[in-house]
Amino acid sequence: MKRRIDHQATDGPRLWAGIEELSEDPRFQAFIETEHPAVHEFSKTARREFLKLMGASFALAGLTGCEKSSFITALPYVNQPPSEVIGLPRYYATAVLLDAYAQPVIATAHAGRPTKLDGNPGHPATQGRSDIFMQSAVLQLYDPDRAAAPSRHGEAVNWADVETAIGVMRENWLGDQGEGLRLLLGLTTSPTLLRQIDAFLKQFAKARVHVHTATGGEARQQINATVYGQAVDLHYGLADCDVVVGLDDDFLGPGPDQVRNALGWAQGRRRSSDRPGNRLFMAESVPTATGALAAHRLIADARRMPDLAEALASALGVAGASKPDVTEAEAGWVARVVAACKDRTGRSLFVSGLSGGAAAALWIARINQQLGNAGQTLKLTAPIAGPTDAGTLADLVSDINAERVTSLLVFDCNPVYSAPRELNVGDAIKRVRSSIHFGLYRDETSALCEWQLPLAHPLESWSDARAVDGTASILQPVISPFYDVRTVHYVFAKLLGEVDETPDAAIRATWQASFGDAFEAKRKQALHDGFIAGAAPFVAAMPASNTIAPPNTTGDLDIVFQPDPTVWDGRFANIGWLQELPKTLTTVTWSNVIAVSPALAKRLLADNGDHVEVTIGERHVKGPLWIMPGQADNTVALFLGYGRTRAGRVGDQLGYDAYQVRPAAKPWLAQGSLRKLDTSEDLAVTQLHHRLDGFDLVREVSPGQVEQTKPEQASLYTPWPSSKNAWGMVIDLDSCIGCNACVTACTAENNVPVVGADQVRAGREMHWLRIARYYTGDVAEPRSFFEPVPCMHCEDAPCEMGCPVHATTHSPEGVNQMVYNRCIGTRTCSSYCPYKVRRFNFYDYRALAESPEHAAHNPDVTVRSRGVMEKCTYCTQRIEAAHVAADKENRPIRDGEVVTACQQACPTKAIVFGDINDPNSEVSRLKRDGRHYVLLEEQGTRPRTTYLARWRDDNTESRQG
Amino acid sequence: MREGQIVERTARSQVTARMMQIFSPVADTWIRLFLIGALSLAGGSIVAAVGFAHSAYMTETDMRPHQPVPFSHRHHAGELGIDCRYCHSNVQAGPQAGLPPTETCMTCHSQIWTNASMLEPVRKSLADNTPIQWTRVAKLPDYVFFRHDIHIAKGVGCESCHGRIDKMALTYRAKAFTMQFCIDCHRDPAPHLRPEDHITDMAWTPPANARKEGEAIAAHEGIRFGELTHCYVCHR
Amino acid sequence: MSEQFDILPTRQSMGGIADQLTRIPLHFPADRRWMIAMTIASALLLLLMVSVVELFTRGVGIWGINIPVNWAFAIHNYVWWLGIGHAGTLISALLLLTGSEWRNSLNRFAETMTLFAVVCAGIYPILHLGRPWYVYWMFPYPATMGVWPQFRSPLEWDIWAVLTYLTVSLAFWYTGLIPDLAAARDRATRRGWQIFFGITALGWRGSARHWQRWQQAYRLTAGLAVPLVVSVHSEVSLLFAVGQIPGWHSTIFPPYFVLGAAFSGFAVVSIIAVSLRSWFGLKNLVTDDHLNLLGMVLLATGLMTGYGYIFEVFDAVYSGEPHEIQTLVDRFAGAYAWTYWGAVIFNFIPLQALWLRTVRRSGWMLLVISASVVVGMWLERYMILVTSLYRDFLVSSWSHFTPSFWDWSTYFGTIGLFLVPFLIAIRLVPMISIFESKKLLHEENEEQQHG
Amino acid sequence: MADEFYGALAEFKTPEDLLAATRKAKEAGYRQLDAFTPFPVEGLDRILRFPRPTISFVGLGGAIAGASTALAMQFFTNYDYPLNVGGRPIYPISAFAVVTFELTILFSALAMLFGMLWQNGLPRLSYPVFDGERFHRASKDRFFLCVGADDAKFNASETLAFLSGAGALSVELVPE
């Protein structure tokens, strides 16, 4: 409902609703043009920007009449949809996609527009938990830079033209059975799409399919195929492990599997209350979130992984494993692992990552076999994603260069950007006679294709997909597309020459078979639940008995390639939330870095932000250096996903493009060299200081050292009477994996603005919740910690004392309240806050009036204007909603009825929120826990947000072994 | 002989005296008037400013904005006695009372006044499926989060905030929706509460022992006394 | 102290003093130099206006502030100006009560200086607001919101304290000015001046009855002004001491701030005294003995401020509180150590020269030393704010602060805001108390005759 | 005859002369006396037997008014809308002290200033003595004694004679 004024007819004075309305008025336009001739030149947005800037002065001139509500137009329905309650959100179960895997969501829609995505609690794989990509999908939906209409050679066309053109093409293809016709797509899990591809290949026998993924789905499939002799997917049963051993495998890091693994790991970790339930051994070249949680972390260069694997194998008595020569540290670590795994048949798990390649993976597989983990903690299924028998991108390129390709259809992948540049995909595509790109954006690839056909966002589409465990979901549209786009299945149907126009025809067709007679009922059920029960069946497979020689390594430095923690392979580059999200270990935003070890940095005499040049073979790339404590001396990490040129207004020209130097043959671990350049840049970092200089901000406890009773915090003041509910929060630092899901969820729920790299550099990021990342000890071999810091909601809050206008006060339920519309911006509260959790609108950070991103705003939370303070509110809108619901039924609020956004998102359930007046609530139980402690207790602020200390694993060995 | 001196000197004074008397006596009157004027102006302007903020103009009470259809609550709610909830059907279910969809109007006006010219916009709306553009009268600022449903559920009558709608030919804002207005009731709801069956009753007047009755209702409804005046109740 | 020797040369007539001092406004002597000064001052004032427009249009983001350092230049200069604005009232009120007549040659321009310094200080709390157009919410008035100001907040105290201080200083200044305005009125020949001074003098005629009441009122106001001065800057110090931030949360702050304020204030008074007397040739009224005494006071307050520094260190170390010590270390050796050592050097090193009588009696040396003190105190305020905020409790929130162009422009702008009215004032009112000088002169003559 | 005069004005060179003359005038039985001096002359008020001024009481009144206003304001606002601020009490006397102190001083000081002006009948721009030929020196270096025409003993010629007898540099009659 856009606010506008009924011009001709309000009796009484004409009242301006605000500067934006003002800007519409012709008379005002005239005034502006005469007063400020320059504005005349402005583009529309620039003009709006200008007016927004002028806002304050007009306000001073009384033009806008401070927040004065004026008579505005209200638009009722013509025919009100049944069961629509105006002003209350509706919820839909569907899914969004990451690397084509379904991330099951419950979408919250206000007045027909989705504003928030949360995990689907019923789903077996994610149990309602989410990650940063799922949370951000809703912003991508409203991205103004999405491809809005089909185009040919960049000229806009309409779908009618497209369909006639497709008709013509089909004629030709049918003529020669699709000779020279190629499909290129990323892996997909959509049964319907796979079905359509098969159908397509049946129609055009000579056509071929190629697959391209930049983030390793393909690579993992190849490795597993080599190791097990057949295509399989691995599924980790972390919940049942006592010991987990990883070689360069960041299984708790970002990726389709993150939520499931995190859930399992945390569940195992919490198995017993008096000691950590499992122990994690990691050998890493590049620090990862997983490594940060390890009890024993071994730092080893990436090239060492195969040898380490073999060393483990031989130490654990795997047949055929010989003793490779290992360093003292490595030997010690191996010994610890062996000790830890003693008589734990089937209760340990060994995993390895891509840098180790098949060589390491094979040893790991055989160790799991040896220790009886296979089938217990490690399960195998047929590949969830397909098509499995497709050609590679490299094949495609060579075919094109051999003139064997006449028409190319690219589905939802961006090889021109995200393929190793040495393949020259761009030039290749240009040589194809007719090429069509189907995608969400007009990206680097579509720029070179003849046709660019915009696809619908998953939240706008009828589709289906499988989650990582193989459970299928039917995706239903939550909003009707507001761009002129089609779903991938629709266009595929067109390619197949099908005519059924019903939007979900293809989906119905796919599931008709499995649902059988009770189709409608089952379909309704599936849509209601958001998934179709039944994960992929497990298969048994033995690892091959041969040995694979590790690739011979030349060159002094190991260069490791990793997807970026927040923009992934670059596909999320245009999502502001993800760009501004601090990367888990570096807290860098809006750019990627070249991570090196402190030792290497010292050798180069380089510091953070200095530009360095990485050379692999003939190819070079230059980017900002980052000194990563705990990185292996001779390993350099490059992060994919940046340096894009056609991502959109947000994502273009940031960071460096690692694909420049990525070798097609060794996409994960290559050898190369590093050279310091004499330029440098100022990285936008949210946390400048990471060393925990002897402060006890993050506490650790060893099993047996937990103090059970804690003295109640004293206060000089007689406590205020509490109302029935008293809200409090406990954050379990032992479970926090620093994944940022909470931060993103908070951003989405509370309309937290994106401020841009410059403001972040200036120290003005707006996140209400930050994940402090600390390390202790030597930078070469640090121990890392994560500590989420939201508002502490102190009972004796210093901030409240400071405010001269009662803009921040305390509720009877113990919530530290911040009232934006009363705030005059003295910033005293922030000065006084010992935790510095308050955020200030130094400028007007709101998006421009006409930006579609406004549609993503949560209507239950005020959008803050310039000059006001803001901070975590414990999601008060959810608390108040719960109150209303309870009061209407005249009952108390139940435990777990109020769930904060961060709590809801957390994949390890580390954040618990609830009523501390209720002794049986989970939060109360945790506040009685032995590990419970208060941050800066000595300050006497008596916070409501408190922490559970992290377990110190060291002497758990003696207890367990 | 001394006499002479003096007289002579006083005489001379007429001629050569340096004029010390800068102001005529009137000046004193002027300056006093000026001071009084300045003081009263200063005081007056403050009083005026505060008064203006409370004025009907600033609070937009008693203004009858133009409506596409001259809809009369007096006729529909008053004379015909149609219950509020017939049109504002959302009021118990959700935050907003909701404006009636065109079809609601047409339930009757497809039968009666079927070609009254003043209803043309309504028929047009239904015909080409475009909403009627009503001008909103009861409007709160964006940063105020008000929910009709809970107020209805707890025994606050429509009339308490909207006034005698049933007497309004053209609808206007009867009460100044200032924070003071809201907070007064939130501090001490009891006297303003009414029995469930009188929520939409415009004519209902509180009994003599309104407070006692109200307290009874409050107790029954489990109103959370003392928890209704903190900021997050309305501002988020 | 003035009993021992004559601070005013006795070989001058009362009439001489009156004519000499009233001539300054009535027949302004140093026009060219004044014009130059005025031009510079107005340029600065213009700069301020530009900065303020920019500020109100775009928001406080144009400054270098951030989280955690969200108070910097605005508050820091506010404290600095207010500190300077303390000398005037202290000199006139305190010394009046202690009957040290030598104040008579200084108090007038000291008070004038105070007024404009306080104005400069006063605009900052408004400028630094995120939404300055709502500043009136800090005052209790019957709002439609039904919400009131929050009287536990040091900022709320601030508003009242500063406004009170400004009003009382103004009242005190004007009360003392009335007889001199009358004197100027009686010297004036041009009609315009006659009317101007005639009205501002309120028709004062020096009646014995009037003098009697005037004296009582003046002395009692002085008696109130002294505790007021102390209270105002103590209160300003609470702006920080009430917060829990390491380096702020200390009981030494009130005295520490008050003394610092007096210190910087006397420095500015010395600067003005020296320049005015050479400008308008007032060596007969502002004598070397005056400078000597000023020098002593400056030295004394300086040393007391120094004690504050020492105590701060002791305070932190004695508390043993890790964060306090962290902040102390940061001040000594952190990113902003230059402010700390700058403050120490500028405040206390040149100051030591004042132990020598000859230095105290030499105008230009006093000028240089005072200038250094003013700079030093500016650095001290910078240090107190930034070094405490940029690294507080949680390591993860540690950050940095770099002043932006607009920070500086606003600051220099306020210097213009100070100079312009001050320059205008010296053209309008006698810059030295005429009647008090005469009184002093008379008493000295008496002493000479009998003794 | 006396009506058209405000009084007789006598000019003296020094405060001492003025004091002497005033003493004489008192002894001679003049009552309606006032002096005009460039600065307050010690002891003059004793000789003229002025009552002790009451400014101090005005100031006290102001102080009490200020303190009570401040306290009333702060107590009322917190009573009117009691909010939990940082878990502190609703009526923190210690926190109220500051504003109370400031207002005490403010009201008291202003009361005294305005009280002084009021009692002195200022502003009074036009006043008979300003007609005195040499009166302009009263703000410079001369000390004037004035015998009011309304004095029982006033007689133009005699009074003038008496004053010049008392050592006046000049004497004159000031018209009403």
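Of note:
In this document, chain identifiers A, B, C and D correspond to the written order of the chains, with residue numbering beginning at 1 in each.
Just so it is clear, a contact is a pair of C-beta atoms (placed from the backbone, for glycine too) under 8 Å apart; a residue touches a chain by one contact, two chains touch by 3 or more.
It should be emphasised that the depicted structure is a prediction, and the values quoted were computed from it without experimental measurement.
Of all chains, the one whose CA centroid is most distant from that of chain B is D. Interface comparison, A-B against B-D: more C-beta pairs in contact at A-B.
Chain centres here are Cα means. That of chain A falls 48 Å from that of chain B. The centroid of the Cα atoms in chain B and the matching centroid in chain D are 53 Å apart. Averaging Cα coordinates per chain places chain A and chain C 56 Å apart. Centre-to-centre, using mean CA coordinates, chain C is 30 Å away from chain D. Listed for chain B are residues 20, 22-23, 28, 31, 183, 230, each touching two or more other chains. In chain A, the residues touching two or more other chains are 798, 801, 803, 806, 809-812, 822. Multi-chain contact residues of chain D (touching two or more other chains) are listed as 81, 83-86, 88, 123-126, 130, 136.
Chain B contributes residues 2-3, 6, 9-10, 13, 16-18, 20-25, 27-28, 31-32, 183, 229-230 to its touches with chain D in the complex.
Contact residues of chain A toward chain B in the complex are 6, 9-12, 67-80, 85-88, 723-724, 809-813, 815, 817, 819-822, 860-862, 873, 876-877, 879-880, 883-884, 887-888, 890. Across the complex, chain D meets chain C through its residues 15, 34-41, 44-45, 48, 50, 53, 55-56, 59, 73-74, 77-78, 80-81, 83, 85-86, 88, 92, 95-96, 98-99, 101-103, 105-106, 108-110, 112-113, 115-117, 119-120, 122-127, 129-130, 136-141.
Of all the residues in chain B, the ones that touch chain A in their complex are 58, 60, 63-66, 90, 93-96, 98-104, 125-126, 129-137, 139-143, 145, 147, 149-150, 153-154, 177, 221-222, 224, 226-227, 230-233, 235-236. Only residues 715, 717-720, 794-801, 803, 806, 809-812, 942 of chain A touch chain D when the two sit together in their complex.
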